[in-house]
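Pasting the structures here.
Two complexes are shown next, each including chain A; its partner changes from chain B in the first to chain C in the second.
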Partner chain A sequence: MKESVVLVEGVKKVYGSGRKRVEALRGVDMEVKGGELVAIMGPSGAGKTTLLNIISGIEAPTKGKVTVRGIRVDSLNERERRLFRRVNIGYVFQNYNLIPSLNALENVLLPSLFSEEDLSERAMELLKMVGLQGRWDHLPGELSGGERQRVALARALLRNPPLILADEPTGNIDTTQAGKLMRILRRIAREGKAIIVATHDPVVASSCHRVLRLRDGKMGGRM
Partner chain B sequence: MSFSMPQTSSGRPVTPLRYAFRSLHYRKGGLLRALASLSLLLIYLTVLGGVVEGVDREITELSEAGEAPSKDLLDFRDTMGSWYTFTFVLYSLLMLFLALTYFSMVAVARGEESHLLKSLGFSRWEVDTLFLLEALLLTCLTAVISLAVAIVFTPIFPRIFQPFGIQFRATFQPLTFLQLTLVLVVTASAGAVLGGEISQRERRVAV
Partner chain C sequence: MVEEEGPFTPFKYIYANILRRSHMSVAMIGLLTVSSLLLLQALSFSFEAGSATRPESTLWGETPVKPLLEEMGFGEEISSGARRATLGVFYISSAVSLLSGYILLRSAFTISMKERRREVELLKALGFSRGEVAKLLVGEGVVLALLSGVLALFIAMPLFVNLGAYMISRGETRLFFTQPRISPLGALLHFAVLLILVAVALAGAIREVEREEGSLL
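The block that comes next holds the complex of A and B.
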């Protein structure tokens, strides 16, 4: 039986107070196991990014439990969450978030910036895995949208985290590139990693193992 | 397809110092403009200060020798003195304004960069280190170039003022150091005045 990587129980997130109070999440429950590629689908403002931010420890939930590989993320302090994120989470953003002055290899190596560890060989292997081995010395501005997103994915994998969170990873790329990226994500999932993809694209969702629907801050069931 | 490992001098392709260097190199267009404008400003202030001090010295020397300085010389000193003070204050305010504008631009343009670094698990201290290192490098570079330009060009100005009968000795005087300090402090605290292109270029190219 596959090990549970992410367990979210009754998570609520409220921003502001009084008349400005906004309930972004209203009691979300979900579980993702190792080797699973799960899509969270929902319209803009449904709470997808908030949920990913809470799972990764970027934000703390107002109520509820978040457990990642047995670690209660919601009970960690800021410093512990930062260290937790460094080891356990690989994050892929919709708009790539590559550093424009660094080439592809250096961008992949960014998580090791303050580390004495030399991960160059692993970074090159990852670039090879995403099909960009010949373009390691190109700046982000010299790469297409799909290529940039694959560099971002390689960066997310550098420290070999057990959980990959992708927030609308295909939002800025064409369908061919999106298909290529999803094939890579499936391959990574086969190696045992848990992957959560937030998307509102049904085509992307259909290439995942499981789809969860998030609407108005609540899980609306499987699709 | 074969590929070769990149060869770098320090072994690790990315270090905080290299990150800062790359960041500066990437923005070299803005950097050159900033250096050029700061150097010109420094020369301008040095010359004005030098003229005022040169005239002052001449008046003092004449007084010590028991001779009365001419009315023209006294008028020249008064006019230049007040003009110099006004210009100095005006340029100080301008530089501070540019620094504030730069801060706002950088905050917008590099907000996503900062967010990314934090989401990768870097502490606030580590993120600040990167930006401060970049500012420090730029400040050192600006200081060295400004100083070099001032040293090279300042001796030219006595020749310009010779036809007017003013003995102007353009050495490095206290005022010059005051100006240098102003330039350095403002540049250091601003992280540098790089020009208005940064934010748009950053948005266009990557994040």
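The block that comes next holds the complex of A and C.
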């Protein structure tokens, strides 16, 4: 039995109050183990991003428990959550979020900016792993969407976090590139990391080990 | 950067940002140089005025403005009312220059901060603290300010002083050949005041952006 990396229990999230009250999540339960690549599928507005933000501690749940590697994320304060994120989570965004003035290698190294450690070699290895070793000195503007997303993935892996969260990682790239990215994600999962991919693309979801359906803020069963 | 030796440091980040966002950097350096120039003007007006009454307190040494001051009657017997009025004009000009310099700086930083909201949000999502993000922004401001200060002190200021003297003397002085003597104390004071202005303007800009568009840092 593999160790549980993410445990979400009865998580609710409410924005606003009174007439403007919006229930983004209405009691979500899920568990992801090390080595698992899990897709969260659902239409836009279903609460996928909110759920990822709550797991990573960017947002706090209104109710419920979130445990990542034994740490109760929902009870951490702002500073603790920031440190928790740094060590435990690699985030991949839909719009890549690379810094345009930094080349691929520098973007991968970004999370180590204020640390004394020299991670250049590891960063180069990661670029090689995502198939971009020859393009380390290219600026994001000189890379295609798929290549940018692979740089972003290498950046998410720099600190070797046990959990990777990807929010619509294939939303802006073509299917060939998306397939490439998913192959890399599967390989990373095989090495023992837990990966959660939020997507509304059934093709992407079908290449994950397990698919969780999120609809109107509730989990709608497995596939 | 050509070589990628050693860890990726905040300095490299600032350096890459200034170098590769060159359109923005050039605009910032331009604006900062102008405000730096206004600041120099404020300083030299005050000190010219002071040195006209007390020659031993000269900050800038022999500048082309000095003979003009003498021509205007400083150093000779003029009525105390006229002296006070002239000094008053100098000091008011100083204050106006300083204020204009500050307003320019402040606007430049506000535009720059608005442009970089996404970058700041990304750094925070990656787990950087407020302090670390602020270090990057302030560091870049300081580097740009120092560059602009040097430009203003050694290129822009001599140019304007000479041009001013040339115009006032109706072409009788030589143009662009007199380098005003700059005392070390004067230069030091210039950079000190410039850095303080940059710090205040940057803090003000961040607060303004946060008020208008929500939390930045």
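Following the convention adopted for this analysis, the second predicted complex is superposed on the first by the 223 of 223 C-alpha atoms of A that agree within 3 Å, B and C clash if a C-alpha of one lies under 4 Å from a C-alpha of the other, contacts with A are read in each partner's own complex, and residues count from 1 in each chain.
Note that in this section a residue touches a chain if its C-beta (ideal position, glycine included) is under 8 Å from a C-beta of that chain, and two chains touch if they have at least 3 such contacts.
Computed from a predicted structure; not experimentally measured.
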Checklist entry - Mind checking chain B and chain C on superposed chain A, clash or fit? => result clash
Checklist entry - Should A:Arg85 be classified as contacting the first partner (chain B), the second (chain C), both, or neither? => result both
Next on the checklist: Quick one: is A:Ile71 in contact with chain B, with chain C, with both, or with neither? Answer first, second, both or neither.
Outcome noted: neither
Next on the checklist: Just checking: does A:Val14 make contact with chain B only, chain C only, both, or neither of them? Give me first, second, both or neither.
Outcome noted: neither
Checklist entry - Once the shared chain is lined up, is A:Glu121 touching chain B (first), chain C (second), both, or neither of them? => result first
Next on the checklist: Between chain B and chain C, whom does A:Met129 touch in the aligned arrangement: first, second, both, or neither?
Outcome noted: neither
Checklist entry - Residues of chain A touched: more by chain B or chain C? => result B
Next on the checklist: Based on the A-chain superposition described above, do chain B and chain C contact any of the same residues on chain A, and if so which?
Outcome noted: 58, 79, 82-83, 85-86, 91, 93, 97, 99-102, 105-106, 109-114, 118, 120, 136-137, 139
Next on the checklist: With touch defined as at the start, can you tell me which chain B residues reach chain A in the complex?
Outcome noted: 1, 3, 5-6, 11-16, 18-19, 22-23, 25-27, 112-113, 115-123, 126, 130, 201-202, 204-207
Next on the checklist: Give the list of chain A residues in touch with chain C in this complex.
Outcome noted: 58, 79, 82-83, 85-86, 91, 93, 97, 99-103, 105-106, 109-120, 136-137, 139
Next on the checklist: List the residues on chain A that touch chain B in their complex, please.
Outcome noted: 56, 58, 79, 82-83, 85-87, 89, 91, 93, 95-102, 105-106, 109-114, 118, 120-121, 124, 128, 133-134, 136-137, 139-141, 148
Next on the checklist: Please output the residues of chain C touching chain A within their complex, sorted ascending.
Outcome noted: 1, 4, 6-10, 12-13, 16-17, 19-21, 118-119, 122-123, 125-129, 132
